[in-house]
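Letters A, B, C and D mark the chains in the order given here, with residues in each chain numbered from 1 onward.
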Amino acid sequence: MVSTSRLEAFSDGVLAIAITLLVIEIHAPEVGRGETLAHALWQQWPSYVAYLVSFLTIGVIWLNHHRVFTQVIGVDGPLLVLNLNVLLWTGLIPFPTAVVAQHLRDGGEPARTAAALYCGVLLVMGLAFGALFAWVTHTDRLLGRLPPPGVVRAARRRFMLGLVVYAAALALSWVSAPLAVALCGLMALYYAFDQASVPAEPEPRDQQST
Amino acid sequence: MVSTSRLEAFSDGVLAIAITLLVIEIHAPEVGRGETLAHALWQQWPSYVAYLVSFLTIGVIWLNHHRVFTQVIGVDGPLLVLNLNVLLWTGLIPFPTAVVAQHLRDGGEPARTAAALYCGVLLVMGLAFGALFAWVTHTDRLLGRLPPPGVVRAARRRFMLGLVVYAAALALSWVSAPLAVALCGLMALYYAFDQASVPAEPEPRDQQST
Amino acid sequence: MVSTSRLEAFSDGVLAIAITLLVIEIHAPEVGRGETLAHALWQQWPSYVAYLVSFLTIGVIWLNHHRVFTQVIGVDGPLLVLNLNVLLWTGLIPFPTAVVAQHLRDGGEPARTAAALYCGVLLVMGLAFGALFAWVTHTDRLLGRLPPPGVVRAARRRFMLGLVVYAAALALSWVSAPLAVALCGLMALYYAFDQASVPAEPEPRDQQST
Amino acid sequence: MVSTSRLEAFSDGVLAIAITLLVIEIHAPEVGRGETLAHALWQQWPSYVAYLVSFLTIGVIWLNHHRVFTQVIGVDGPLLVLNLNVLLWTGLIPFPTAVVAQHLRDGGEPARTAAALYCGVLLVMGLAFGALFAWVTHTDRLLGRLPPPGVVRAARRRFMLGLVVYAAALALSWVSAPLAVALCGLMALYYAFDQASVPAEPEPRDQQST
């Protein structure tokens, strides 16, 4: 009913917009009396950290999304709904990003709550992505050919790792909010470089379309 | 004059942006003295509800739009204008979403008016979509082949159902604003799962392009 | 150097975003003491008018842009710069739209200036589009085949009409700001229906790519 | 793993959104008592200058990005990360643009710091682009055929020129903030017209895909 190319195009659009909208949560600072702009800019460091971590995270979501869909040859109803669910949570990321940017420097309850909200949204996004991945790989109906079981198991382990790390970051946010956000950033970096190291294996649909 | 692929790409762009812009109406909350951030976040629940319902609604509009256009093989002038009309009302959705987010908790007249505005915009969007659908199916000039009459009738019934439900939600907003918004959410959920259950039938244009 | 398909995709992206960003200039209204939300929403009518007129205008710019580029087979350097110039002014439209939305109801100098700014930006956008069109049609190097002279002349007349009407609207804004904005809206409506009436003539590149 | 067409589509999306988001940093001005709207609009000239310079700059980044990728036939891991790095800094541009718009007229430390931030972000973006270009051209694995050494050297010289000019603008911002921003604008203009003068040479991938 829906071609994979249209589903990918729509998803790419949403991810590209979500990643670019992050910047509008970095506000040009108000400068107080007797304050320099340089100081006011510096005070906003949580905004820059939050931008960086969320940018990397959405970038990696795009990479993973793309990686899964290059192997998908058919779209069924549940996949549509599961994909919309991934986009729902990914599209929400600018909101906890803004909350972290505004409250990380406060310390105390606001910083902890902001970090917990941030890690919590990433955790739910990870669960949503995991559900999509599980549906796609539970049978070979949606894939041109099911990848070797070892490859699927390795991919599932990588997903599990992400969920465990996001859950750990969520717990860590009660101890140290900055460390929790930093852990989410490390996770995105790890995924980015892990993706980067995957050898380009020939893929059926890609060869045709290029 | 305008190819269907370009019309779809432009429409997809507008829908992807509208769905992603919804998040910027969820503001990082101001925390009052003696208030926790957790409490301030909790107080914003109408923002989350409104985000969820509008996200689902625009997601379903995209699904329906895509579904109609996979069968369209030609674009004429009235279709261009009717499609722009659908985008006009869909692109407007972030506005009533923000109004609901801000006033649903107020109760009284503001909540009722906000819900009525929300349901009203969805109703007009539904009428705009119905006009587009009626134009596309009134002859087989724009379709590769007219689907069997039973299929068209079933699709029209689904549209009618949507209009009736949105009108009912509009009326309900004078009784209970939260229920009216919830009804719009149920409508989107129903459409999403209804779409999901449609068997993938072979379609002429899709097979070629994939 | 740049393929027309990439240039069109980028331009489509910018136009789709500009048209969808219009909605964020319609703010959820603040409700004063003793005021109803319905009244506060009603007071914002210039926002709705400005949204409508700008939406139609950018929609028509997209239609015209698409119409010109379906016949373009090559992109040279000046065309790149001229196209960027069109996007620069079209991408600016949300700004005068916001100014009109905020000041049209004020009357007096603010309303006049807001309308003049609005019509002025549309006029410059029209000039930018005219320059692009003149470059594309000044020789058959960029077109598969130059359309019959009569068709080119008719298109130029339509462009001229637009420039004259926008200049008239600019002048009219000193007399009546609402009328000036309404004239811009009528212009967009005329273009939309004029486009709509053009018979679908077979076009070389379109047939191949679809 | 990732096809170049998907990478280009995602990058185009991010660049198109970043360039269009620039407009939301131009706010409809508040009009003080006894002030005309015309005066208030005029007072905002740094917003218009910043919009213009940033629009040209992102436009040129798109042109350069597109120019590099028309010759790329394969995407490996490091290229993915290097490309995400370019988008990270380009997507950030609306932020220093807003800072310049808000503080250029202040003079003194705020103006200098705003200009330095602006030029600094452009410099880092230039370095990020340079790294991507160096990776793409360091071997012929990612290119269909390595362009003649003279062409690569000329392109590298152009990149170097950009870096030198942005560094000079950064230094200049301590002397005159407006001049520093103007220098960045001249750089973008130079690139735009330089691009414009490149003759359309036949390129392997482009011919196929068009």
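Methods note: a residue touches a chain if its C-beta (ideal position, glycine included) is under 8 Å from a C-beta of that chain, and two chains touch if they have at least 3 such contacts.
Because the structure is a prediction, the values reported are computed rather than measured.
**Student:** Determine how many degrees of rotation, between 0 and 180 and to the nearest 5, align the Cα atoms of subunit C with the equivalent atoms in subunit D.
**Tutor:** Angle of the fitting rotation, subunit C to subunit D: 90 degrees.
**Student:** Over half shared or under half: which fits the residue numbers at the contact of copies subunit A and subunit D, same or different?
**Tutor:** Different: fewer than half of the residue numbers at the subunit A-subunit D interface appear in both copies.
**Student:** Report the inter-centroid distance (CA atoms only) between subunit A and subunit B in whole Å.
**Tutor:** The answer is 25 Å.
**Student:** What is the distance in Å between the mean C-alpha positions of subunit A and subunit C?
**Tutor:** For subunit A versus subunit C, the centre distance works out to 36 Å.
**Student:** Return the residues of subunit A touching two or more other chains; collapse runs of consecutive numbers into ranges.
**Tutor:** Within subunit A, residues 9, 13, 17, 21, 24 contact more than one other chain.
**Student:** Assign the assembly's chain-to-chain touch graph to one of these shapes: line, ring, star, complete, other.
**Tutor:** ring
**Student:** Considering only the defined contacts, which subunit B positions touch subunit C in the complex?
**Tutor:** Residues 1-6, 9-10, 13-14, 17-18, 21, 24-25, 74-78, 80-81, 84, 87-88, 91-95, 98-99, 101-103, 109-110, 113-114, 117.
**Student:** Given the complex with subunit B, which residues does subunit C contribute to the contact?
**Tutor:** 8-9, 12-13, 15-17, 19-24, 26-29, 31, 36-38, 41, 51-52, 55-56, 59, 62-63, 66-67, 70, 192-193, 195-198, 200-201, 203, 206, 209-210
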